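As written, the chains take the letters A, B, C and D, and residue 1 is the first residue of each chain.
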Amino acid sequence: MDNLIHGLTIGSIIAFVAFGYALIYSILRFINFAHGEIIMVGAYICYFLYHTLGISSFFLSCFFAMLITGMVGVGLEKIAFKPLRNRSRLSMLLSSLAVSLILQSLASLIFGTSPRILTDFDPTITVLSKTFYVREIVVMIVLPFLAIAFFLSLKYTQIGLAIRAIASNQARAAHIGIPINTIISISFFIASSLACLAGIALGMEGGLTPSMGFKYSIWAFAVSVIAGLGSMKGVLIGGLLYGILLNYAIAYGSGLFADALSLVAVALILLIRGKGFFQIKLREF
Amino acid sequence: MDYLASVSAHILLYFIFIAGLGKYILGKSSVWSIGHIAFWGLGGLVVGSLTVDFGVNAWIALLASVLFGIIISFLIGLASLRLDGDYFVILSVSLSELIRVIAIEYRGPGGFNGIIRPTFFGVSLENDWLFIVLALCPFVIATIIITLRLEQLHLNRIFLLVKENEILAKSFRYNPVYYKILIFCIGSFFATLSGGLYSLFIRGTDPSTTTLYQGVLLFAISLLSGINTLKGVLLGALLFVAAPRMLEYIITAPGSATYSYNIIQLVYGILLLIVVLLTSRVPVYQK
Amino acid sequence: MVKFNKTLWITIVVLFVVLFFITIAFLKPFSDKSKIRIGSVLILSGEYKSYGEYFQQGALLAAEEMNSSQKQQIELTILDSEGSKEKALEKLKALKEQKNIHFVADVMGTAMMRHVIPFINENKILVLSGVNTGPELSGEGGSFFFRIIPSDGIASQQLSKWAIESGFKKGAILYATDDWGQGLRKALDKSYRDLGGEIIDSRDVEVNQTIFQPIVSLYKETKPNVVFLVLYPKTAALFLREVKKQGLQTQIMGTDNFTASELPDIARDAVDGVNFIIPQPAGEPTPQQKNFLELYNLKYGIGKKPHIFTTMAYDCVKLLAKIYQETQGDPERAAKTLEMIQYEGASGHIAFDKNHDVVVKDFSRKVYKYDKVSKKASILDAK
Amino acid sequence: MTDILLKIDRLCLQFDSKFLFKDISFDGMAGDIVGLFGPNGSGKTSFLNVISGIQESTSGSILYYSGSPKFKTYFDISTFKGGIVRTFQIPELANSLSVADHLLLADSYFSMNICSLINPVNYHTQRNISCTPKALKYIRRFGLESKLQNILSTLSYGERRLVANICALLTGSRILLLDEPFANLSIQACDIFKEIVLEEINSFNKMAIITEHNPDNMISFATRYMHIQNQKLIELPIETLNESKMRNMLYTMSIEYG
């Protein structure tokens, strides 16, 4: 039972990252190694605002960090991904890898590799005789609302419709006058802001290091794939399940094997099932 | 001269690997084997375990590792190559992590030590240069000949057809899955071979060369350079092996006591980005 | 006009690379007798890179100190092994051939050190190690390998003794997955059992692991008296916080790298009461230690505590430079001199036994105290 | 001699709750050239998809050569006994291969013989035209032999359509499903192609189902005439096709619906 609850807390942060990842993945369909680095950049921006610039309120600096990280995400998209958009998914994968290398080394150069401490507080709260960090609770409460917001806005708003149109066929969407560039920028902004929030939560836990994000981009990718293309419900459930899986792997296996085993489990599920869950059916021809 | 020997051996070994991954798997099929480094690790693991634990002759161990690699890749291909590209990526990534973890669990993070290099018809290969000339060069030349020969075959045409358009291949009665498995096995053969040879060269195994990050980097470099020509494969091997060492030499050379390795990483990343943005070599992947 | 097609480009690049490496292979190393040339092969990229940087800090501190006070300058060349043993060997070859360096302050990592031992003995390269604690290096290192940090065997005995003396008979071990963690874990397991303790659980922790909730939950059920942490400071701190959060009642014991300020910085109040041992005698700091601490604080910030690697690196480089001056850079004579040396360093007294291990230093027992008012953690001598 | 190559029995296809077609039955004999008409969206392409196994039917059965393959995927069906081949509205071609490569790959001689895989074929040489005699004969009739070594992506729409059509004939499959094979073709090319199809069908006992918008193209070519309307497959006598009034009506109807 304990493991289940702990798994949910871990899973909710994975789902948080995976939402942004899946949003970009469903539009451009490329494996984005840079997303993990956005997490790291977001956390460092928050650190910079809070400590170096000395913004007095932590929440204010979180808010500004989210805005700035969103901008950074949009900027990266303009530099590294936009010129490749009508090339192939593979070249976007390559440039995301290059971006990841650059961001990591920049962070190491500027902030050094030893952990930076984001906050000197990390309050806990006791719910039903179990102790949680407040940030865990916040993430767990925000998550369902976020999922619902995503679901509703994808289904019923103009932007959601445009995103779905681009996801199903970019060229045709451009042809009927959907402002592709704006929409993609908006989704990069949203994804990067979410990643920043996740990065802050991770940073409050264990300090900031330049390599803190790489793992999460792999996990988010696994969750996005197993969820199926363009399904936000799938991402939510997949992220939570992945957290639980990871938790059990550490409890009954070992730390070394946990990452590999949970990935292998995902791969096996895909092998047996042959496709993602919650996949939206697209017409093939 | 020892340093030069080490650098040349690395270039030759990664030449074989990138030929397998870039020229075959990425060049002749649409299989995204991001974790292909797993087979490099597998080759080392099998060679190390057979020679150190069971005292088998190194050549036989190398043969066994290659056969093992082919069998494993065949099974994986059989199970998974029906899947969509991105699902295979997950499988490939998890495989590479799994093999690395198994290697660490089996023999510790340091890997095997004390593999004895084989002899070449009575000639001891303990000297690095002898090893390069008598053990590595024949394999590299064989790789080149096999690759050039395959270009001439009808098989090559079928591979390209399957890569470009699976529906058309099915219309022409070629089962795409068979050909994908075949090409995956060939690519894995080269990867296992290079991994096995590497463990013979360094007289041990080294799990830290098989991390996912290394694998992704190698995948990227194979993709950039090795797709169409063997010259590209050579360029890729140079890019992967020589470029960081040259940067290192240039940056450390003028008597500087300190500098950060992150500069090298930064320059490397920027180079990669520029090449990706400028090059049109990356093939168009078709759904 | 030559037409630049693809083939020509590739040929040019290949020729350039080949010429480059052949040139540096045949280039006579520039041997400037007026400088003390010392090399280092550290892990400066990958997951362990922050530990390489701790060492680098200490090495640079020593070089700067000596360069400002004496005429013969130290030229320090630091190369990156990326945590791969073959790369470590290659970098050592580069040091020897390109810079003519025969004095090396550490090849970081026990596995890497073991891999380069045949090479250093063949080519007479003196390696003084400050961080490699693997017990398998004792006596196997040949005549050119020395280390100033005690082997894991000794540290583990000290730790087990302390635990048993305090009445903890039921222990659990958490260890890092690298060779240091696994080596120390084996040694600890053995020495603790020999003293009559019982290890009920031992599990590995990845270097970047952040999830410790299941482990602590498990320990709440199995209730070990003592948990030995063979971990790097960051993961150890995360574990401590989880222990505090879930209210697990147990004694935490750790090793010398708990001196790093990362541990109290991340763990905050959870660090209170953590026991650990360091290979330095208890009592008032010696003048050398004070001097080192002053220098460190001057450069890296007041109030910061140096990582054990930084201290060791500082000693390594200073000692090597001293030997180099005495022997005019002859590694064979230097090795002979080192065998007999008696040296006072920042890490305490240094002398070597016949295995070229440092003669067992007094270990001192330390405990963390956390002051809730000032929110500062301090290290005290344990009773 | 008439043998039944394709037997469709009460076939239904349903999307969500909407039927695209319902209880369709159809027998295809060797020698048939079936002209399939219907407005856009009536399910012509879906009908071909279901037959070739690209889409799964909701209910009903299809017998190929009075049998049925174990798995109903496109590949299994297309290799079952005499085989099925289909072309697509947008021609499916491998863009980086040359015309000669396509013809060579399509020709059943090569696809059936495993030893030929290892047999080197002049791949790079321009002079020795690497093509089987039959393919060469067809390609000559269209006057395309000068483009044999051209890469597919450099060809025009009409030429791509022609290559796709010829390849479909060359595979040797006895059931041909051609989805709008006359689009983008010139009138002369249309005529030549019709001749070739007739030759193939008569000499090798094949059958063809051809979807088309313009009934003009099918006069004195199709032997049967079908129409998908209101979820039903209606067979009309072939003579109706020859009446110009009827033809016009059909044509305007298909335009209107489209």
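Everything that follows uses one rule, which is that a contact is a pair of C-beta atoms (placed from the backbone, for glycine too) under 8 Å apart; a residue touches a chain by one contact, two chains touch by 3 or more.
All of these numbers come straight from a predicted model, not from anything done at the bench.
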Any chain that touches chain D and chain A: B
Maximum centroid distance from chain D, chain identifier (CA atoms): C
Chain whose averaged C-alpha position falls nearest the assembly-wide average: B
Chain pair with more C-beta contacts, A-B versus B-D: A-B
Distance from chain D to chain B - Cα centre to Cα centre, in angstrom: 43
Computed distance of Cα centres, chain D from chain C, in Å: 72
Separation of mean Cα positions, chain C and chain B [Å, integer]: 33
For chain D, residues that touch 2 or more chains besides their own: 88
Touching two or more other chains - residues of chain B: 104, 213, 260, 262, 265
For chain C, residues contacting two or more additional chains: 49, 177
Footprint of chain C on chain B - complex, ascending: 1-4, 6-8, 104, 108-111, 113, 202, 204, 206, 208-209, 211, 213, 231-232, 234-235, 238, 242, 246, 248-249, 252, 255, 257-258, 260-262, 265
Chain D to chain B touching residues, read off their complex: 74-75, 78-79, 83, 85-88, 92-97, 101, 104-106, 108, 110-112, 116-121, 123-124, 167-168, 171
Of all residues in chain C, those that touch chain A in their complex: 47, 49-50, 53-54, 177, 203-206, 208-211, 213-215, 217-218, 234, 237-238, 241, 245-247, 262, 265-266, 268, 375
Contact set on chain A toward chain B in their complex: 29, 31, 33, 80, 83-84, 87-91, 93-95, 97-102, 104-106, 108-109, 214, 218, 221-222, 225-226, 256-257, 259-260, 263-264, 266-267, 270-271, 274-276
Touching residues on chain C, where the partner in the complex is chain B: 6-7, 10, 13-14, 17, 20-22, 24-25, 44-46, 49, 56, 60, 63, 74-80, 82-86, 89-90, 93-94, 96-98, 110-111, 114-115, 177-179, 182
